[in-house]
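Both complexes below contain chain A, partnered by chain B and then by chain C.
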Partner chain A sequence: MTTATTSTPNVTGKPAGGNLRFYGVWLIGVIALIVLPMIFSSGGSLTSFSLIGIAIVFALSYNILLGQTGLLSFGHAVHYGLGGFAACHMMNAVTSHGWPVPLPFIPLFGGIGGLVFAMIIGWVMTKRAGTVFAMISLGIGELVASSSLILRSVFGGESGVTTDRTALPKMFGWTFGPQLQVYYLIAFWLVLSAVAMYALTRTPLGRISNAVRDNPERVQFIGYDPHVVRYLAFCFAGFFAGIAGGLAAINFEIANSAYLGAIQSGLVLFSTFIGGTAYFFGPILGAILVTYLQLGLTSVTSVWQLYFGIIFIGIVMFSPGGIAGLVMMHRPLVRAGTLWTVIPSYLVAIVPTAALAFGVILTIETIARYSGGDAINLFGIGFKPTSPVTWISAAVLVVGGAFVARVTWRRIADAWDRAATVARDRGYLA
Partner chain B sequence: MTAAIEVRAVEKRFGNVGIIRDLNLCVVPGERHAIIGPNGAGKSTTFNLISGHIKPTSGEVRLNGDLISGLRPFEINRRGLSRSFQVTNVFARMTVWENVRCAVLWATGHRYAFWKNVDSLPEVRERTARILDDIHLTHRRDVPAGLLTYAEQRELEIGITIASGATVVMLDEPTAGMSHAETERAVSLIRRLTEGKTLVIVEHDMSVVFGLADRISVLVYGHIIASGTPEEIRRDPKVKEAYLGEEAH
Partner chain C sequence: MLELVVISTLNGVLFGMLLFLLSSGLTVIFSMMGVLNFAHASFYMLGAFFGFQLTKWIGFWPALVLAPLLVGAIGMAVERYGLRNTHKHGHVAELLLTFGLAFAIEEIVSMIWGKSPLDYRVPALLDFPAFTIFSTNYPAYKIFMLAVSIVIFVALLVVLKRTRVGLIVQAALTHPHMVGHLGHNVGRVFMAVFGVGSALAGLAGVIAGPALVTQSDMAASLGPILFVVIVFGGLGSLPGAFVASLVIGLVQTFAVALDGSLASAFGPLDPSAGPSVLADIWNVTIAQVAPIVPYMLLVLILIVRPMGLMGTRES
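Let's turn to the complex of A and B:
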């Protein structure tokens, strides 16, 4: 259901199952975006879907840097935020001057805002990759975020720049007052941006970006200046981040310093990495998951950031390819027809792993709520944080769960080895 | 006739240490020129100086008569000089096909294009396919380069180097670490692929050098002590003393 908002194209290039299957995946994505609000029509779900759509565009733009060009940025929200401010100022200008620019064109101005800043700052930033780039991006991020509070005329200080999306000229009679209309506007730009960004990966520049990611030294000896490649990729990333920011400005009718701060930059890095940078659809999965976690966890626990951190560490340690990497790992097994041999080991591992997770959650919540004394409600079971019974249950779950889980994980590894060997023999695995 | 590569009085110092001193080298168009010398003589440094990987402290390097010392590697590459690396230097996460295709893109004029679909460029596809065929890796085209065997990676390295169609090709120990059979295969591959081009090769295997090269230059302590045909080099007393010694026969 939630994954229905994704379009999950097969990025490995050559359309393996023919063009039909390739376009089919995109078509399913588009249809899902259209029918989704008809199935889940509550205000809450529409808001969630809108936020997810924005997060997907933002995460995909980030992956142009991280996954495709190998640039780790700690300040990508700068372009998102500046796109948001550009969109807000544009909307206010359209309203006050009576220009004939309807709302659906506004995200483009957000994109231009992000692009222009990327063009100005990018040449210096992309001179070097690696740590140098990461550090400069962090510095620029902080610089712009603090400027946003100082330069009041542009950024509106603490309160930000507000706008009214309904005051713009109408298009097809839509006022864009109702959230449903905003959702469709976001969905439209999501599809447009996703298609454009996917197409970018299949251009000469896109492929050379991959080459720069893998080996910037060698690229120089096949005629390319890696600096120019990084710069162009940076500009594209800035442009699409600006579009995401413009969409956010339309959605919230405000742009403020929170848009371009370190938290926003961290969140997009987090989404992209959790989703998986090696595949085009990875950041889509990541953006959906992280947005849902953000919306869902904040309402049930005060220490939701702790869970974010644990998930992030878990992914980095156990699945550096992210969710997409985990999913795609199974593809050769599916093709070789050996997937069924590993499924039983997964099912066996679910129980102790869930017990371990349950124990960890109980421990965290006990510590978090000890002084407050709020009861913990975990999947319908009530626990008192001050009661020794809770502590013992948590300890038993963590220790026992970890002990049994380790055994079952080893069995997964064994089953995997066997299945992979067969897949290799049948030529589905290199 | 203008030399394909002319190195004149080149010096390279790292701090106070002179790695290359008064280096003079002339490579005639169309010849196969081998550079030999003991370990640490500066053969790879010479390659790096010519290809723009490092800049000479003084002196000049000319490619087909044009001054190239001081230019960036990609600028030199665009003028028709291409080199390989001693340590395999491919795009590990990309497939064999994409590795070679990347090396074809600049030469076919597609440069930084972001408005063309890379899969539907006929001349790029044909040229890539031909090179894969040449280096016998067509059956491995969809395998990530990082997963190839060592010998296959060395062949891919050569493929990437010649893909741009450069007229001057420099190969840095292309057969290093190969078995006898693999070496033979690689040598015939090199011979075939550099037909009609200028080849500069650094090589340790003397049978490869004397079998392949039209002319040989001997580099000792950053200085070329002799240049000539294999026969002249074999007879040169300075070379015998400094380098070949008992190994010659």
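Let's turn to the complex of A and C:
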């Protein structure tokens, strides 16, 4: 699971030990999914886990495009939403016709919904990659989102299509009324889709997708058509996004036009990129973090989306590999045993960086709450948005923090360079 | 009917010229730096909000000059401190940076000015009907908007085609390295172009603000149409952007004005016996379809002519 999805073969480690570790990581993941709801059994945390599971499937499907094939899509939620609508209509059809299709199979129909649309629209869209693809995906996204409000009989207009998950035929006596059972259904599909998507990266198609991302011209020279490869990757991404949409439809028992919209497309892009696109586990980290922040921040501040934007800009500018890239950067240092030389400079940098972040948060909250006049409660310290004391402390924190933090960041860079040089000498860093 | 045609043509040309104020900057920035500036529509929105705020403080006419300058300065800062540092990570990172910026700007604007529409009024000096045509009063402010866009259009043309600066910009479009070797500061040229492009977007915002709605979602609703315009016209082609702006402006204005549907045109052939999806399509009016018309044009042009109307390159 921690293997890089670049096309370099993994030569480190003995095959047997590597295998054991590889399956171990997956096994730990599965056990964690089973055990989690037993430790955190409150209704709120079950709902959060379900949402995170859906977000992970969605983000992984997005990474088939962005990370594997190098296609930047601004309209991925289209497949997610259409999958959701397909699942809802299927559930209603099963209920009214009395077909023997139990609920656990419904996400498959969501996936088919996403796949069918990807197959129809994909051929035109994937003709070109890069910026043009990005813009076309944006246009298609807007087209579908606006059309969904016009075609009322299919999309249910503003209110959407509702359904009842408990009315379907039962399986193993589960009614899927309680959130716990829905969670396990989502966890099951999460594992299934994650394994399938990981397997996809190992297939020749997955490999040639990487090649299309890196150098489409050479791919043409060796006899493949990059357009076909992009199209296939697009279809797979649409299928898994549809599964995520189907899971969402089961979880919320509704599908509406918000599923298809630009906000949903933006969120999946944020999760995937913040997590890191170069590693398979990157989008998983990103989806967990973004969903968790989204759930946690909405109750604390009204401008939580602004914090997302700032985090995203920060990642794009300073760490384009995302969180996964940051973590994996340390692997050669750990192997070479030089990580301990970097840690002291990290510890030094924490204080001014935290001060800077604190100042930025204080500034934003002061502006956001200035007219309302609600007090700001930051880590137990109360601030009044209208008092000059708050303004001055915010300014001091931002300016002072930024000034000192820059110095400490430079120290980190120096320490890092020294550690990396040693690691390179010992042969752990290319 | 004639009245509808004349008024809609005027409005359509006006909207088209406004789109061109935005798409011209976007196109030049794109062909020069390879960056598709997602935040371009956000600069337009910033222009409208700055225009509103400055109008409140110092009046409309100073705001008309100051707000675009402010927006241009912000644009230059974005290029200098954001894009230039991100350039080494490739075009996707640059595109994502502007995407994040667009997101952040929208949040900041709604944080400061709120989410509801602002009361951004037409200046009193221009608040009278310019002429009456078929019993419809055409406001003078719209004529003013049209005049401003045409003046900017002509000025842009003259600068690009007739001056030394325009020569350098044109050269940097295709051969940035050669221009650098000749001793020009390409980085500064990029920054200036980005600044001017943003300032034009800001100007469009200031003059469009009173006529259209000034609201924190105006960037999100205009941005995608802007991309349709530059893809439709052909990426990197300024004449293409001009034609596409007018086409999209006219098509959308006419679509909003027309109140027909398939049902009203072919009444007796009602497919009510068929599935309800058909009935939906049958009964929807052209005005209701107006928001998706640009995107349908986009799909159409991509199938028929993937490089756009006047584009020369495939990607």
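One rule holds in what follows: the second predicted complex is superposed on the first by the 413 of 430 C-alpha atoms of A that agree within 3 Å, B and C clash if a C-alpha of one lies under 4 Å from a C-alpha of the other, contacts with A are read in each partner's own complex, and residues count from 1 in each chain.
Quick note on the criterion: a contact is a pair of C-beta atoms (placed from the backbone, for glycine too) under 8 Å apart; a residue touches a chain by one contact, two chains touch by 3 or more.
Computed from a predicted model, the values in this text were never measured in an experiment.
By the document's definition of touching, of the two partners only chain B reaches A:Leu232; chain C does not.
In the superposed pair of complexes, A:Leu200 makes contact with chain B only, with no contact to chain C.
When the two complexes are overlaid on their common chain A, residue A:Asn210 makes contact with chain B while staying clear of chain C. Once the two complexes are laid over each other on the shared chain, residue contacts for A:Phe273 go to chain C alone; chain B is not touched. Residue contacts after overlaying the shared chain place A:Arg128 against chain C, while chain B stays out of touching range. By the touch criterion defined above, A:Val30 lies against neither chain B nor chain C after alignment on the C-alpha atoms of chain A.
By the touch criterion stated above, A:Met171 is placed in contact with neither chain B nor chain C. Looking at the superposition, the partner that touches the larger set of chain A residues, chain B or chain C, turns out to be C. Taken together, the two structures place no residue of chain A in contact with chain B in one case and with chain C in the other. Across the complex, chain B is touched by residues 13-14, 199-200, 202-208, 210-211, 213-215, 217-225, 228-229, 232, 236, 278, 430 of chain A. Listing the residues of chain C that touch chain A in their complex gives 30, 34, 36, 82, 85-86, 89, 91-93, 95-97, 99-101, 103-104, 107-108, 111-112, 220, 224, 227-228, 230-231, 235, 275-277, 279-281, 284, 288-289, 291-292, 294-296, 298-299, 302-303, 306, 314-315. Within the complex formed with chain A, the chain B residues making contact are 51-52, 72-74, 77-78, 82-83, 85, 89-95, 98, 101-103, 105-107, 110-119, 121, 142-144, 147, 160-161, 163-164. By the touch criterion stated above, chain A contacts chain C in their complex at residues 70, 72, 74, 124, 127-132, 134-136, 138-140, 142-143, 146-147, 150-154, 262, 266, 269, 273, 303, 305-306, 308-310, 312-313, 316-317, 320, 364, 367-368.
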